[in-house]
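This is the structure, below, for whatever I ask next.
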């Protein structure tokens, strides 16, 4: 453990330190704003240190962690989105959460972030498992944080039970693999070679399969998708955003790591199962969202479909798949943050604006928000001029190059169905506004701060939709 | 560079109009009118500048810039005679559109004009872009504003119509994207150059089956836009529900993007595959012609009727394009323009009637002539145009397509298509009968066309009559591009020698197509020499001609013999 | 002088244009002057050009500009003047001018006075283009154009839907013929790589062997076009309904000029017909059949204009017969004479109708000869000419020539001759039935007023021509004066005769004279001063059948129209659209199904997860 | 004496299946938690067995982590259960189905 290690771990260390500091701070003095500032500064600080770093060579800590550009990129993504989530959390808590004790929320939030940040660089079952659990357990709390709301509790419980169940699968899978291979590092897994016919190989594959249950669960893929809508609905919008972006993004990073380092492309049966899962997710996710009137549930279902799309890149393989997936998840995170942030801002004092009714005539009531939301929805639908189009194009490129025609066609069908429900929302926003209920009773400053963030996100989406070259270059720079 | 400026001009004007709507509703109209007028001016200037002499060189204007190097995607705008024609049409109609929506649109004027101009920008992009990615980009881009135009300012069923339009085009568009990518990678893997550049992809070689599948992607997208039966069903709803300007753009320009795509991309990129598709395509074309006419005759909604007329007219385009004949192709280009003008005018009239009596139901109209003779006269002109009356542009287009395709391989189908002359009369006269003739159900007290409307209609009328009497002004521009396409499609380059077995093996269509060339040579009597010479010079293929004349399955050997005699005599 | 040819064509257009734009502002007089004046001017020009042309009858070509040039098809906007087209433009402009003058008074009180003249002028111009065109495409332009004018003028009184439907019928039926014509263009261009008439006519004999299939097809297609325009069997049904038009229109379009366009077309493309003998024979047969059928129907009409309409059909039948016999000059001669007297008849009938308060039924007229002497006498001359009373009338010379050739020409036969002679008998019969019913017997109603000079002058001029016009072409055994045929045969070939004895011709002339006079006498017996009930009489089945024009309408309605409309209407909703709707519906069902699985039950969720795990494992264990 | 790894794994599998079956069958939320514990421990057993077989410490290390995680999980879980009981007055999960569709 010499100096360079410390320097390299600095972001995570700062984060951890920030958590401890906030803990003490809360113990000393409860103040919402103060805690918020503390949190955001911590995140900002670690983000800055992260950006200052330049990885010439990837730097590994035993088998446990491997910090390379890839990991760095994902960490940055996670920290950045947590920052945005924090801002919206502040707005939402301040406006919709009269109860006492607002502060711990930020603690747990940062803990989750820490878990995610470690997860994306972990290359070993143990580190993977531990960081995953840090993330997951803090998620339980985040989801059910508004404990007076029965929905929150219900969501929390559901997530707890299912997540725990899935981790059990994960662990057992790991155990099986370990029992055969005798190593728990992804790398080692790739190195061991054995006749792929023997019993042992079957057990190995079975282990991977059981891990897939957990991974699929975290990514909300069919058939492990059931939890998503309920959790999104039950949790507060920022939390949903956290789940949709950070936990899923981190898990995707691990999946990519695992696939590539452990070279799962050897096992045809695994690719087959992934293909099936991808197809099912694309179709069922979109179909489920088709006539959904609850925006948050709709976003949940669409996320199922989107991760179905993402699997195409994962399956497509390293050369083109990795950058495609990375680009897509980046865009997806941006749009999702925007979407949930928007839900937060549209919401009225007592309850969040989940029902599509709340969006009627938004175009003529709040043109800016409506325009941003339209851009976001179009981006999700993958229409040109928005980042979503470029991302989808990137994915298709991957799929077509590896001539995964089935997946490509399913994507086409899926996105046509998807277009339908995105348009439904847009149409709702364009309808003449029947409901003349006054807008959200948000305090001015926080509202405008939120709008500002949204505008930035919207512009980013457009920017990536028109000139994505720079981001593509960055991503191609990753190993 | 001017091409880029055109697009910037449109988008900029749109944004300006949107912003200006903050002050009052008049300003956006004025701004967009000025913008479109400038656009029209530019295209007119380009048109006057253009001289066919330089047509021999590659492009009139071209502009290229890097866009996404990682994928070999360029921002490549190029103009040749064809796109210039399309631009002229676009700019002309854009002025018309602004004028017709002057009074009609009162809600959210700024946003309306923003969408209108964005739409036009997208269409312009389609007609100019020669990078497949850029083409697809603008192809998708033009959906959104049109969707807004339909579903914000449309009639009663606008939401449904808008969605239908968007879904149809989006679905087909994605298929095209798949094909584009397929082409991209095949070309890349063969040559190592990964690029979306049209001109480089032109000489991509691939297995016939693959080519066919890839081409289907393109063709489906284009035929959906072209609203060919059985992919037409989005069109009637969209046209009926859209506001007048929307209908004009839909009929006048969006449909044309399909035709343009066929001529510019589907044919040159996949010559052999197109030949395989030709019989089906022509069949569908004829079916659309007649089916559309039949449905048009049945409709009671004025705009819906006109919409089905469009279906029928677009059938002609498919027929013309896939008969691979220069004359037919010229007819197609003509059809693209005159259909835009005539159908657009009919939609404007329908809109005007709707504004005045607030119904599109033919049964509630009748006897309007007494009240609005000017409108009646205009209606008469364009009804006659849409049934292809000589002296008006549509006649030139239709007769060229029909005569041309009869020279090709589909004589019977062409003759069947000729039945349209009768059915067209039936539906066209139905309009006159129901709207302007007959008893008045109630005594209309409605204003006739005013100055603004008369300006619009008279300009359209003069265009359609001008094209009817002096179509050369169009063919002058279309000649070079059309001939390029025809050469590309009709004489696929083969290395010498492999000729015969290639023919024997599979593609009978090449045989048919060679025979076609031979027919040209034989039938053209005086022209025989010219054609043989140019073919031989370009492709050094006298041997081919011999082999063709002696093809075992050549339908009429004696004609071939006669041809040989004649040509030997003249040499 | 010839160089002014283009002006002849342009003047009517100019008149139409001026009226169309400034029309509603002018007083009636001015518009009338513009309308009549423009046509009269071109008539005068025609005379001048004609006289110069008589001196040197080499065809004269005037190219305005090149229409377009694609892929070898390069038609010009060009006018070609030769003897045939000269005859036609003479008739068109001259008769046209007279009819314009007539209309100026006839339509004076009509609200659409200006519109009427716009359409009429437009028609004249387009008709001139038709007959002067040097290529088929330009000819087609005029061809369709006059169709349009006919449509507009039949539907001129648009308030009455009946007229509208008549107009539509006329247009659609003729359009059927036009479609055939268009197809013939495809073949012609495919073969000759041009649509220039002269080039085709010169190239055709070399390219096509006599009676070859393709030539046959082309000829038949052309015939189809001619039949449609000239209201011959089987497309004759539109003309009787076209009588909904104002009388001047009937006189100009549906008697003198437009309906004879078919005759012109066949005469123009005569070479193609000579290559295809079967087709040419069919022309003769169609003509013969039509003239009988139409004549029979004319016998049973009550509407005076309907009588004339059917008579027109049957007279054009005579022309077709002549064409079929290869007697080109005879056909054109008859066309000329027919133009005079039939126009006159229509104008006279129109005058009568207008003074009888729009009464069309002959049975409600009667006794008019004292009250309207001028109309009566002119009408009588025209009728005599129509029923070909021997020696004195022009109709005799023109028609008798055809009847004679029906037997004597090498293409002729006894059958054709019989048809012709029977037709002549019928013609005379119904003509004088009409005369007697209208002008004799006891009057049923009083005429309101006497027509003014603008109506009477044209009548008299035309009367003179339909009396004197015959003497420019006399049979060989009586004067043997062959001005017309010489003139025409500069362009068209001479009819070849099989039998050539003067006295045989004399026999036939005597026969036909007897027939004509006999028919008139019969008419006298049957209809002169007989008291007829003014009301529509009861008809038995046969009479009804003839009255309805041999029920062709009924037949077509049952066989074609009704099924078509039925087809159109059953699929109004566009079945294909339904298919897509179904697709959407299925998707919605799937959605409902899947949403049901999201039942919020934790245990169910866990179950699904477990199931998923099991499925994955099974896939892995048994790939 | 040493037990072949297969037996150990078999035991683990059996335990796991028991836990899973219980989780799916029981309605009472507490019991569901318990079943999850069984599953986790099954995984733990598997790790220990494998670790022993390979003579490595990782297996047991992992087991420790599993225990810790399970403890944390249960603590949160119980807290939630208390809230649930407050609101619905029962421990039956089938009551917790407000969100659906």
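We call the chains A, B, C and D, going by the order they appear; numbering starts again at 1 in every chain.
Here is the rule we use: a contact is a pair of C-beta atoms (placed from the backbone, for glycine too) under 8 Å apart; a residue touches a chain by one contact, two chains touch by 3 or more.
Bear in mind the structure is a predicted one, so any value in this text is a computation, not a measurement.
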Selected pair, greater C-beta contact count between A-D and A-B: A-D
Whole-Å gap between the CA centroids of chain A and chain B: 45
Centroid spacing, where centroids are CA-atom means, of chain A and chain D in whole angstrom: 26
Chain B and chain D, separation of their C-alpha mean positions in angstrom: 66
Chain centre separation in whole Å, for chain D relative to chain C (CA means): 97
Residue numbers of chain A (touch at least two other chains): 157-158, 161, 165, 229-230, 292
Per-residue overlap in chain D, given as positions that touch at least 2 other chains: 20, 23, 93, 96-101
Chain B: positions in contact with at least two other chains: none
Pairs of chains in contact (touch as defined earlier), listed by label: A-B, A-C, A-D, B-C, C-D
Chain A residues within the chain D interface of the complex: 125-126, 129-130, 133, 137, 140-141, 144, 147, 150-151, 153-158, 160-161, 164-165, 167-168, 171-172, 174-176, 178-179, 182, 184, 229-230, 233-234, 292, 294, 297
Chain C partner contacts - residues on chain A that touch it in the complex: 157-158, 161-162, 165-166, 169, 202, 205-206, 209-210, 212-213, 216-217, 222-224, 226-227, 229-230, 268-270, 272-273, 276, 284, 287-288, 290-292, 417
Complex interface listing, chain B residues touching chain C: 164, 229-230, 232-233, 236, 294-295, 297-299, 325-327, 330, 367, 369-370, 377, 380, 384, 389-391, 395-396, 399-400, 402-404, 406-407, 411, 414-415, 418-419, 421-422, 425-426, 429-430, 432-433, 436-440, 469-472, 475, 479, 523-527
Touch list for chain D against partner chain C, complex: 20, 23-24, 27, 93-94, 96-101
For the chain C and chain A complex, residues of the former touching the latter: 587-588, 590-591, 594-595, 597-598, 600, 602, 604-606, 608-609, 611-613, 615-617, 619-621, 623
